[in-house]
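Below you'll find the structure, written out as C-alpha cells, and then a few comments.
The letters A, B, C, D and E name the chains in turn, as written, and every chain counts its residues from 1.
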Amino acid sequence: MTETQTTSETGTPLIEVRDIVKHFGSVIALGGVSMKVHSGEVLCLLGDNGAGKSTLIKTLSGVHAPTGGTFLVDGQPVSFSSPREALDAGIATVYQDLAMIPLMSITRNFFMGREPLKGVGPFKYMDMAHADRVTRDEMHRIGIDVRDPQQAVGTLSGGERQCVAIARAVYFGAKVLILDEPTSALGVAQTSMVLKYINQVRAKGLGVIFITHNVRHAYAVGNRFTVLNRGKTLGTHTKDEITIDELQNLMAGGKELQDLGAELGGTI
Amino acid sequence: AEDINIIVVSHGQASDPFWSVVKNGVAQAAKDMSVTVDYRAPETFDMVAMAQLIDAAVNQEPDGLIVSIPDGDALGDAIRKAVSAGIPVISMNSGSQVSASLGALLHVGQEEYDAGKKAGEALASMGGKKGLCVNHEVGNLALDQRCQGFADGFGGSVTVLPTTNDPAEILSKVKASLASDGDIDTIMALGASLAGEPVVQAVKDSGMNGSVKVATFDMSANFLQSIVDGDATFAIDQQQYLQGYLPVVFLANNARYGLMPGGNVPSGPNLVTKDKAAQVIDLSAKGIR
Amino acid sequence: MSDGNLAASAPDAPDERLIRTTAMTRLLRRPELGALAGLVLVTCFFLIVANPAMFTLAGIMNFMAPAAQLGILAIGAALLMVGGEFDLSVGSMVAFAGLAFGTVLVTWDMPLVVAIAATLAFAAGIGALNGQIVLRTGLPSFIVTLAFLFILRGLTLVGLKWATGGATQLRGVKEAAGDSLMLTFFSGDAFEGLFAWFAANGWIDTFKNGTPKVTGVPVEILWFVGIALFATWVLLRTKFGNWIFAAGGDANAARNSGVPVRRVKTILFMGTAVCAALVAILTVLDAGSTDARRGFQKEFEAIIAAVIGGCLLTGGYGSAIGAFFGAIIFGMVLIGLTYTSIDQDWYLVFLGGMLLLAVLFNNFIRKRATGER
Amino acid sequence: MTETQTTSETGTPLIEVRDIVKHFGSVIALGGVSMKVHSGEVLCLLGDNGAGKSTLIKTLSGVHAPTGGTFLVDGQPVSFSSPREALDAGIATVYQDLAMIPLMSITRNFFMGREPLKGVGPFKYMDMAHADRVTRDEMHRIGIDVRDPQQAVGTLSGGERQCVAIARAVYFGAKVLILDEPTSALGVAQTSMVLKYINQVRAKGLGVIFITHNVRHAYAVGNRFTVLNRGKTLGTHTKDEITIDELQNLMAGGKELQDLGAELGGTI
Amino acid sequence: MSDGNLAASAPDAPDERLIRTTAMTRLLRRPELGALAGLVLVTCFFLIVANPAMFTLAGIMNFMAPAAQLGILAIGAALLMVGGEFDLSVGSMVAFAGLAFGTVLVTWDMPLVVAIAATLAFAAGIGALNGQIVLRTGLPSFIVTLAFLFILRGLTLVGLKWATGGATQLRGVKEAAGDSLMLTFFSGDAFEGLFAWFAANGWIDTFKNGTPKVTGVPVEILWFVGIALFATWVLLRTKFGNWIFAAGGDANAARNSGVPVRRVKTILFMGTAVCAALVAILTVLDAGSTDARRGFQKEFEAIIAAVIGGCLLTGGYGSAIGAFFGAIIFGMVLIGLTYTSIDQDWYLVFLGGMLLLAVLFNNFIRKRATGER
C-alpha cells in the first residue's frame, strides 16, 4: 500500500497537491495528502465517510484555504482566495452540497455567476430566452425533463437537483472537472448518463476528479484510484494494477466487510 | 348646527402628556362650540410628515386650520398654501415670530424659548449656580429651545443631559451626574411625568433633597405633589389647554360670525409653585392642566 | 406508461404531471401581486370610510408624496434585503445626508450641483463602509447598521450644532440654492405648465378662491416611479440582479459558483445609502431646512414596506415593484387616517391593524395563487 | 408489469396506501399510488429521479397531507396532521434531507424530540451524560468514531450525518422503519452496516420501507420491490419472481441503458 | 495505518485527528464568553475614563438597575430568538401591561396579588395571540409583532385616557398597593437590614447627611439574576431547551423529528410577553405611576443585548447568560457616559461606537477561541 507511480502520464500534471494539511479549529481534517491529475485522465478519490475527500476538493476549488502544503496548477504554485479564482483558473466543481439556491429558478441557478448577456454598453441584460433554452436542453440531455425552467430549484427532487449541478459544471466545463459524489442520489438512467459524460470529458483531454463510494462506478470510468483514510492517503493505483475486488477491499479497509457481504449474499 | 369643520395639526404626539392636554382642550372646545374638530399629529417629531399632514388638511378645505409652527421654513409652504386657498389659519404653541408673516390670523401660545428663559431666571434668582437640563428627546426642536432658553436665563454654567424617554434611565443618569459632579445645584426637566418625576426621585435617592433645586416644564399630578412636599420648586405651566381651546373658539366664531380677536394671545408662562400646586393636582390628573 | 421514462417526451411537449395553469394564475404568483392585492384592499377601505377628497387628484398627490419619499428608501432596502442584508441606518442616513447637503450648500456656500454630487458621493462612501464592516467581520448587518443608526444620528446632532453654531436646525437652504437648473429635478413639481393648462380648462379642481389644487406632479413621485422601474429591471433582467438573488439566497453557494458576493453586497449597501441621500436632498430642498430628527424611524417603515411588498427577511426573495406597492400602502394608511373621522388617539392601533390586514390579505392571495397549503 | 399479489404475507398490512394522490400547486407529484408493507418484510421502493418516492414516504410519515386516496395503518384509516402523530403511531423515518439541525450537537440531534429525562416533577432535566454515551455507542456501532458528541452536526461530513440519522431512527425503532436513500452517501463499510441493520430489524418483525437507487443494495435485503415512475406505480414484485438484472431493467426503464452499460464495460 | 478503519479505536480512546485543546479554550467557545469579554473591555474603558464614583457600590447599583430591567426583556427576547422568532412588541407590551396593572390595581381597586396575577396572565394571553397569528399564517414574526408594536402602544394611550378620564398618566399605584406582602418581591430593595448593618459598620459609603448611599439590592436585579439562571438551565439542561434550539435551527427538520414546534414557539412568545409584564410591574411599582410612553423602543435594546450576547438573528444559536452580559454592557454604556467628561452631545455616537466595539471584540475573541478563519 505504498505510493505507486503511474507510468502512462508524463507531462506536468494539471493539478498537483503535496502534503496538504487542513485544520478546522481543533479538528485535523487533512493530515498531509498528496495527489495529482493529468490531462485526459479520471482520478477517482475513494474513502470512507469523513476521510476528508470533500475537504480536499474544497481546498482545490478555493473554498477552503489549506493550513499547509503546496498546491500547483500547471506546475505553478497557486493559492486561491475564492472559488471565483479557481473557476477562472479552469477548475469547475460539483460540490456534495451542490451550491444551489433553493429559492431561485433552475435557469438562474444554472447560469449563476456566468450569465449570458445581450445588449450593448451599460444596458446589457440577461438573455433569458437563450438561458431557458440551454437549461432545458442540457437537462434533457442528462435525462431529466424539466417541466418549467423557471421552477424553483427547491421544489426539485434530490436527484433532479444533482442533475442540474452536474449539467451546469459540464456545460461550463473547464480544464479540470471535480465531481463530489455526483451519482449518489441518481437513478440508474441518470447515473449512466453521468458516467458517460465523464468518459466524454476525459476523451476531450480534460482532467477529472471523481469522488464516489461506488466501486463499480469508479472502476467503470477511472484511470487511477487514490484512497483516503482518516485524512491521510492510503495509496494510489492505476486501473491495470488493481482489480475491482481489491479496490473494494482497500476502500472497506479489511476483511471484516467480506464477512458481512457474504452474510447478505455477497451482492453489495 | 351648521357643519363647521376645523382641523388641528400639531407637532406633538398624542401620547405626549403635554399634547394630550392640548388635545383635551380642543375636544372640549369642539363640544362647547358644537363644531367638528379633527386633531392630527405625526407620530414622531417630523417636520416633513407634518407638512404633509397640513397638505392633507388643506385638501379637505376645512373652515379653519390650527397649526403649531416649530419650523417656519419646513412648514411655511404648506401654511402659505392653506392661506392662499382661503382657509383661515391660527397658529398655536410655537411660531409666534413667523406666524404673522406666513399669513396666520393670530397666535395663541407661548414660545418655548421664552418659557425656558423665565424659568432659568427664576432658578438663578433662587441662588442656582450650576444647572443641568435633562433633555429626553434630543433633536426635538421644541425641547432644544426649552433647554436653550433655560441656559440663557440661568446665566451660570448649564450642561445638557441627553436621555431617552425611559424613566429608569433618566433616574440612573441623573444619579450618575449628581455623583460625578457635586456642584450641580439646579436641575431642569423638560417634561413633568417622563423626566420631572424621576429627577425628583434621583435627587432624593442621592440624599440631596433640599440642596438641589428641581423644576420642570409642564405638569403632572405626581410632580405637583412633590412641589407640595417641598421636593421640587416649581413647574412651568403654559396653560396649553387654552392653546387647544381658544383657537377652536376663535375659528368657530370666525366661521359663524366673521369675528376674530385683534392680536396674539399669550397663554403663559405661569410658574406653579408650592402655594398653587395643591389646587391644580386634580386638574392635572384629569388632563386639563 | 410502460415505455421507458428516459427522453420519452420532446423537451417542449406538454408534461402529463402538470395541471394546466392559466396565465392569470401565473401572473398572481409573482411576489409583488400580493402587495397589489393589499393595495386594492386598503384603497377599498378608504373609499368607503374616508372623505371623498382623498381620492381627488389633489388627494392622491397628497398621499403619494410621503409614499414616494418612503418608497425610494424602501426600494433600496428591498434590494438589500433580497441580497440578504439589512440596513437599519437609512433613517439616520437621511438626517446625516441632510446635514451634509445643508453644510455644503449653506455653510460652505457651494453651488447646488456640487452639494448634490458631494452628498450622494459621501453617502455612497458611508454605505461602502457599512458594507465593508459587515463583510470583513462577518457580523450580522442588523447589529452593525444599528450601531450606525446611533452613530450617524449622533453625528448629525454634533454636526448641526457645529454648522449652525449651536442650534439643531439648519435653515436657509432655499435661499442658498437660488434658482439653479438642478432645482427642476430635485424640488417642487414637474409638468407645471401642463397642469396650469389643465386647470385653465377646468379639468383640475380649484380651491374656493380659484387657485388650482394641484400645480404639478411632485418630483419625488417621478423619482419614485423611475427608481422602481430601474430596480425592477436590474433585479429581473440583469446579471447583477441574478447575483443579488444568489447572494441573498445562499451566500456560500453563490460564492462557490463564482458570484463575487462581497462586491454585490457592498454595492447594495452603497445603493441603499444613496437612496437615503436622495430622499434627504429632496426633502431638504422642499422644506428649506433640516434638523436632527429627520428620517427618524424611517428604516423600519422602509423594511415594513419591503416586507409588505413580498420580500423575505431571510433574503433571496422579493421584488422592487412589490416594495413600490408596499410604500404606497403605507403612505395611504399614514395619510388616509386624516381623511377619516377616527380619533387621533386610535392612530397607532389603526396603523398596526391596517398593516396586519394588508399583509394577511397579501399572504392569503399569494397562497391561493400558488396552491400552497 | 401488472400488480402481482404476494402470497407469503397474509395478515393485515402494517401500512397500506390506496390510490394516493399528491399535488404541489400545479405539479402532480403522485398520481395514484398503491402500496403496502407487512410485518417482517422489507419493501424496496425503486424508481427514477423525481418519480415521487420521497413524496410518497413523506405522506406516510405525516409531513405532507395527501391530496387524495386512502391511508391505512393496521387496517384503520388514518390521517396524520404532523410527523409527531406518525411517530406516535410507530412510523420512524430517515428523510433524504435528513432532518438534522446543523448548529446543534450530535447528541442533541440524536435525541431531538425524544430526550432522555432525569429528576422528578417539574425539575426534570436532560440526562446529558447518558445521552452522550448512547450517541457515541450507537455511532460506533454503525462504524463512525465520533470525536466529540457535543460537536455540531454541521461540521460532520455528508456520510457521517447520514449515519447519525440512521442510528437515530434505528435506536428509536418502531413498528415501521422508513429509510429514504440511506446508503447513497455512505462508504462501503457503513453501507454494509446499514444493510445488516435492516436485516436485523426485519428479523425482529418490523416492516421496513427502503428507498434506494442501487439495485444490489435493494436485492440484498428486499423481499418485495415496488417501482415508481413519474408518480405512478409500475408494479410490485417479490424477490423470487424477479432476478437482479430484470429489476435493473425495470428501474432503468428499457434497453437503452444496457447499451450504455456495455459501452462502459457493463459494470454499473 | 493499514489496519482497518472500522471500529479500530475504542469509543473513548483519544482520536489522532484532534489537536489537543485546553479546558480554557473549550470554555472560551461558549457563545456567552464573547459577551463576557466585551463586558471586560467596556469595564476597562470606563475604569480609565470615568469618574471613580461609577464603580463604587452605589454606582454599580445605579447602572445595574436599568440593565436589570432591560435584561429581563433581553433574556425573554434571547430565548425567542434562539427559537427562531422575533418579538418587536415587547416595548409596547411593557406600556400595555403597565396600563393593565394600573387599571386593575387603581381603577378597579383590586389587591396587589390579584393585579400582578391578572397582568401576567393577560400578557401571556397576548403573547399567545402573537404566536398563534405568526404560526397559523406563516407570516414572519417580524411583521406581525411590528403590527402589535403599533396596536399595543395605541391601545395603551386609548386605555389610559379611558382609565384616567383624559390624562396619559395613571397614578396612585403606591397608595393602592398599600403594604401588601407582595411588595417585598416586586418593589424596593432587598436585604435592607443587611445593608443598614453594613452602613452602621461603615462598610458602605454614606451621603453627607449620613444616610447610606445604598440601602439594599433593588429587587429587579435579583429577578434579573434569577431569570438568567433559570433561562440558562432551561436552555441547556431541559427537554424544552433542546426543542427551542431545534425549532430555531430548522423548524422543518424539528417538526419532522417530532418536536411540537408550534407549542414551543407559542410558549416562547408567551414567555417574552410575561417578561415584559414583569418589567412593567416592577417599574410601575417603583415609579408609582405609568404612562403611555413606557418601554418605548425597549424591543430594540432587548434585541441588541441578545445579539451582543451571542444570539444569531437567524435563530438556533445563542444563550441566556450571554443576553445577561449583553444587557449589562448596554446598561453600562448608556449610563457610563454620564460619568465621563465627554461632551454629552456625543452620547449617541458614543453609544453606537461602544456597541460596535463590544460586538467586534466579542466576535474576535470567539473566532480566536474556535479557530475559525
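Going forward, a residue touches a chain if its C-beta (ideal position, glycine included) is under 8 Å from a C-beta of that chain, and two chains touch if they have at least 3 such contacts.
Labels paired with UniProt names: A, D = Sugar ABC transporter ATP-binding protein; C, E = Xylose transport system permease protein XylH.
As the structure is a prediction and not an experimental result, all values here were calculated from the model.
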item: From chain A, the most remote chain by mean C-alpha position; value: B
item: Chain at maximum distance from chain D, centres defined as averaged CA atoms; value: B
item: Inter-chain centre distance, chain A versus chain B - centres from mean C-alpha coordinates, in Å; value: 72
item: CA centroid of chain B to CA centroid of chain C, Å; value: 34
item: Chain centre separation in whole Å, for chain D relative to chain A (CA means); value: 27
item: Chain A, residues touching no fewer than two other chains; value: 24, 27, 48, 97, 147, 189, 252-253, 256-257
item: In chain B, residues with contacts to at least two other chains; value: 14, 138
item: Multi-partner residues of chain E (at least 2 other chains); value: 5-6, 17-18, 153, 157, 161, 312, 345, 347-348
item: Contact footprint of chain B on chain E as seen in their complex; value: 50-51, 53-54, 56, 58-59, 62-63, 65-66, 69, 153, 156-157, 161, 164-169, 171, 207-209, 211, 213, 283, 286-289, 291-298, 334-336, 338-339, 344-345, 347-348
item: Chain C-facing residues of chain B, complex; value: 7, 14, 23, 36, 38-41, 43-49, 51-53, 55-57, 59-61, 71, 73-74, 76-77, 84-86, 138-141, 144, 148
item: Interfacial residue positions of chain E with respect to chain C in the complex; value: 133, 137-140, 142-144, 146-155, 157-158, 161, 300, 304, 307-308, 312-314, 345-353, 355-356, 359-360, 363
item: For the chain D and chain A complex, residues of the former touching the latter; value: 24, 27, 47-51, 54, 96-97, 144, 147, 155-160, 162-163, 181, 184-193, 195-196, 199, 213-217, 219-221, 244, 248, 251-253, 256-257, 260-261, 263-265, 267-268
item: In the complex, chain B residues that touch chain E; value: 14-17, 20, 24, 138, 159-162, 164-169, 171-173, 175-177, 179-180, 193-194, 197-198, 201, 206-208, 220-222, 284-288
